[in-house]
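A, B, C and D are the chain letters, set down in written order, and residue numbers restart from 1 in every chain.
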Amino acid sequence: MAIRRESVEKLLKSQITKWKTSITRIEPNKISTRGYPIEDLIGTLSFPEMIYLLLTGSLPSPKESKMLEAILISLSDHGVTPPSTQVTRLMASTGSTINNCVSGGILSFGKHHAGALENCMKLLQREVKEYKGTVDSHKDIKKIADVLMEKFVNNNHKIPGFGHRYHDEDPRAPRLIEIASEYGFCGIHTQLALAIQDIICEVKGIRMNVDGANAGILSDMGFDWRIGTGIFMIGRLPGLISHAYEEKTRESPFRKLIEIDEIYYDGVEK
Amino acid sequence: MAIRRESVEKLLKSQITKWKTSITRIEPNKISTRGYPIEDLIGTLSFPEMIYLLLTGSLPSPKESKMLEAILISLSDHGVTPPSTQVTRLMASTGSTINNCVSGGILSFGKHHAGALENCMKLLQREVKEYKGTVDSHKDIKKIADVLMEKFVNNNHKIPGFGHRYHDEDPRAPRLIEIASEYGFCGIHTQLALAIQDIICEVKGIRMNVDGANAGILSDMGFDWRIGTGIFMIGRLPGLISHAYEEKTRESPFRKLIEIDEIYYDGVEK
Amino acid sequence: MAIRRESVEKLLKSQITKWKTSITRIEPNKISTRGYPIEDLIGTLSFPEMIYLLLTGSLPSPKESKMLEAILISLSDHGVTPPSTQVTRLMASTGSTINNCVSGGILSFGKHHAGALENCMKLLQREVKEYKGTVDSHKDIKKIADVLMEKFVNNNHKIPGFGHRYHDEDPRAPRLIEIASEYGFCGIHTQLALAIQDIICEVKGIRMNVDGANAGILSDMGFDWRIGTGIFMIGRLPGLISHAYEEKTRESPFRKLIEIDEIYYDGVEK
Amino acid sequence: MAIRRESVEKLLKSQITKWKTSITRIEPNKISTRGYPIEDLIGTLSFPEMIYLLLTGSLPSPKESKMLEAILISLSDHGVTPPSTQVTRLMASTGSTINNCVSGGILSFGKHHAGALENCMKLLQREVKEYKGTVDSHKDIKKIADVLMEKFVNNNHKIPGFGHRYHDEDPRAPRLIEIASEYGFCGIHTQLALAIQDIICEVKGIRMNVDGANAGILSDMGFDWRIGTGIFMIGRLPGLISHAYEEKTRESPFRKLIEIDEIYYDGVEK
């Protein structure tokens, strides 16, 4: 196979630009992440500091690190009730490898499940951005919330981050808000989320859930909403792994979830 | 559809035992993980403490927590060189969602990639178990290592956890061993890993890599080898997410990895 | 654990309605799909007839079956150029199982890749539906195409199903249209796709690709656009499997896709 | 970034050999699979002929094509009883995309589920290969089966391809054997599977299932056992897609699979 001379440079250039990164540089016997040699990070940083460094490119302040730590813990497990955890366990029961089980769980994050954190971040950030420059008091925030609520109510849409199918009062939300207040992350986005709660709680008795609280706080910490599901996954992974492991080590394999007579067939007979 | 009376109890019983867990209890407005109300864990535990609690059922000592923290950081990224990261980025380039990209990365952990931590833990734990009761000095550990090495050399097998295709000396391994010594986790498994290194380094110039070091340490911390890939995933996830995010925000979508004339077709012509 | 009497019926009912299906009825030693005993289908139907039966609930006419067969073949492979195939092969190279490799490929179908069939079906069906009752001649179809094109051009959007990054003239499209004409499936949707081609080809020199042709034809066969990606996957799966198998049986495992010096690090130095 | 001259050829060569294939050649406006222009295959081949061509590199005989068609249909669905289908539907209920749902199903193929076809092919091919040259009568086959059975019984292992948790007599197996006899694919592997059935049925009342029958027949058709799960996936995909589609179009989204009081928590209380 003859190689035309003129394609050499084109190829080399395209090749190089295809694999470009600013995250971690690899050289023989050297690994440096965001500019720091890995051996200086191991044993020095906390895991949330490393996560923050990887995601944003710079080290967090102690308060940012503590806040992220609290957020990740708040997301880490919700027992066997989420479909993603049920999927993980069903797969573990078939003898699938633990990485397959975890992928199954992660892939179960759909329109109706586990997207609330990112969607609520998107919503809060968009609304705040639209009003930028004009928001300077609690009164303004209430106004944004009013307008927003009206849009949702008129379109009969659910607001992501509010309400929970197992809890009227999600115990994680007030605890997160409390910590955010302490560390100084109850900024405009969190206040907007709280203002939405005031309205929606009065009208429908619905409160902010873990995702609504985290959406406000993460936005006030400066996180782009596009990384919301990423942070959710980092928090939830230990839970999913624990469930896969529990299923594999405590339950008998290939369990029958349903018996034939529990299935209702409503198709045609021929 | 008539329901036979006698199947009611059977059904109820089967249903209940199907969804049994000791990880997190969910009640209306109450979430408790491993017995602790979630609001007592948020803002109190470190993330590695929460991970340890989820995986093992009990809280770690401060040293265990610090050690796990160092291990997770050591696993968190290796630039764009691992196939799993390349898969994650290729998928990000097609516009796949971030959870799909991460799943693609995780599903790339195959026989030849990313299994070394778990496989090395399995190996060390099996060898130590076999010699239990008889291992009481450094001399004995050297003997186990000798026998083990011979088995591998005779079968021409690679020992998982040793050697790296980009590094002769993986900078993460000695740093991890250093911290493990400080915290008291250089037990029999880690010593066995070091003894293997002594032999394999002399014979082939190959050294322990990050997985070999972590395999010894995690085993000495009491972790079952079956959770090895789980811990690897918790460590690596922030890296994978950073790469997916970088690809989505910095690169133009749907990049051509290859041009037609870079492909070599060696099939039949008709 | 005491079970309250009143929850029994609720439980049974919820359980039963949770697992309801009209696709296949399972009884001891009996399997019937869409009402037909499986032993009457095996050896009698063609595979596309079975696919049609599963997806729609009824048997196709001979022409529908032949058309679907041609469509599935047209989708079955495009060498190593698609990112989904590259992902499949990279994963095969790490030693991942063949179902993982195929999943990786399928999960690579993102906003910019492999969604064109479904998106084009959605577009054609929506436009035709909007004009229903009023479309009765070729002139009307041209009018719809004109309005549609203007919308896309004004918004600077690409129309799904037109243009291909490796082909100016996708050889699959005209062949599919030819067969559709023969079997009587060049209905209003296909004619709309052809009318769009007329305009876009004149303006930009871009032609209908395999997805555009199939989108028109499948719509004229009565398929809901929501099943578009499903049909794409059925067609493409044999190709993905062939690539995973070729990689596993012909190439050396864990290949280095990139050397360190091919990577461009543009992050910070510290 | 300076490029050293000597690395150019190395790079080009490595690049080219990295993307080598004998499946489909792509040139501008030309696609040819296994040497045949795609436009000659569309509308000419049956879908199983295309599958056979992709997987093996050559066209099947009419009997091989018909046999493969029957096999694919036999694998296509088993209602909502398989964990893989339950996972697919649970994921569809969360609003996951149809490719995610299908991936979830495929990733549920684990040690205890859906591997029987490939494992049985492996077993039959290994046993026949070991006795090659010496097997020339039905008596010999019975002898192999006897030896094999003893090994399994002594190790208390289940033989893949025999027994079914919902059927004593899987109706697909005898129908497949009947067709294989008609087309001439009841060769030595299928006869071995039948001989195993004779023994295991007498001893334990267990019969060959769909996988056992297909394992024998596919082996007699010349298929490598390593492609077994690939063929299973091609057959099952239309079923999985039908279930995802049914769930998405007939059921209300985000269904509660379990109520809180159906969960049994057996962890610690604090």
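Observations, loosely collected:
Here is the rule we go by: a contact is a pair of C-beta atoms (placed from the backbone, for glycine too) under 8 Å apart; a residue touches a chain by one contact, two chains touch by 3 or more.
What you see is a predicted model; the values in this text were computed from it and never measured.
Contact tally for C-D versus B-C: the pair with more C-beta pairs in contact is C-D. Relative to the C-alpha centre of chain D, the farthest chain centre belongs to A.
The mean-CA centres of chain A and chain C are about 29 angstrom from one another, to the nearest whole unit. Chain centres here are Cα averages; for chain B and chain C they lie 36 Å apart. Chain C and chain D have CA centres that are 21 Å apart.
Across the assembly, chain D contributes residues 1, 11, 15-16, 19-26, 28, 79-81, 97, 100, 103, 107, 109, 166, 256-258, 260, 262-265 that each touch 2 or more other chains.
By the touch criterion given at the top, residues 1, 7, 11, 14, 18-26, 28-31, 33, 37-39, 41-43, 45-48, 50-51, 54-55, 66, 69-70, 72-74, 76-81, 97-100, 102-103, 106-107, 109, 166-172, 174-176, 178-179, 226-227, 229-230, 233-234, 237-239, 241-246, 248-251, 255-257, 259, 261-262, 264 of chain A touch chain B in their complex.
Across the interface of their complex, chain C is touched by residues 15-17, 19-28, 32, 34-36, 57, 100, 103, 107, 258, 260, 262-270 of chain A. Interface of chain C with chain B (complex): residues 1, 3, 8, 11-12, 15-16, 79-81, 83-84, 86-87, 90-91, 93-97, 100, 103-104, 107-114, 165-166, 253-254, 256-258, 260, 263, 265.
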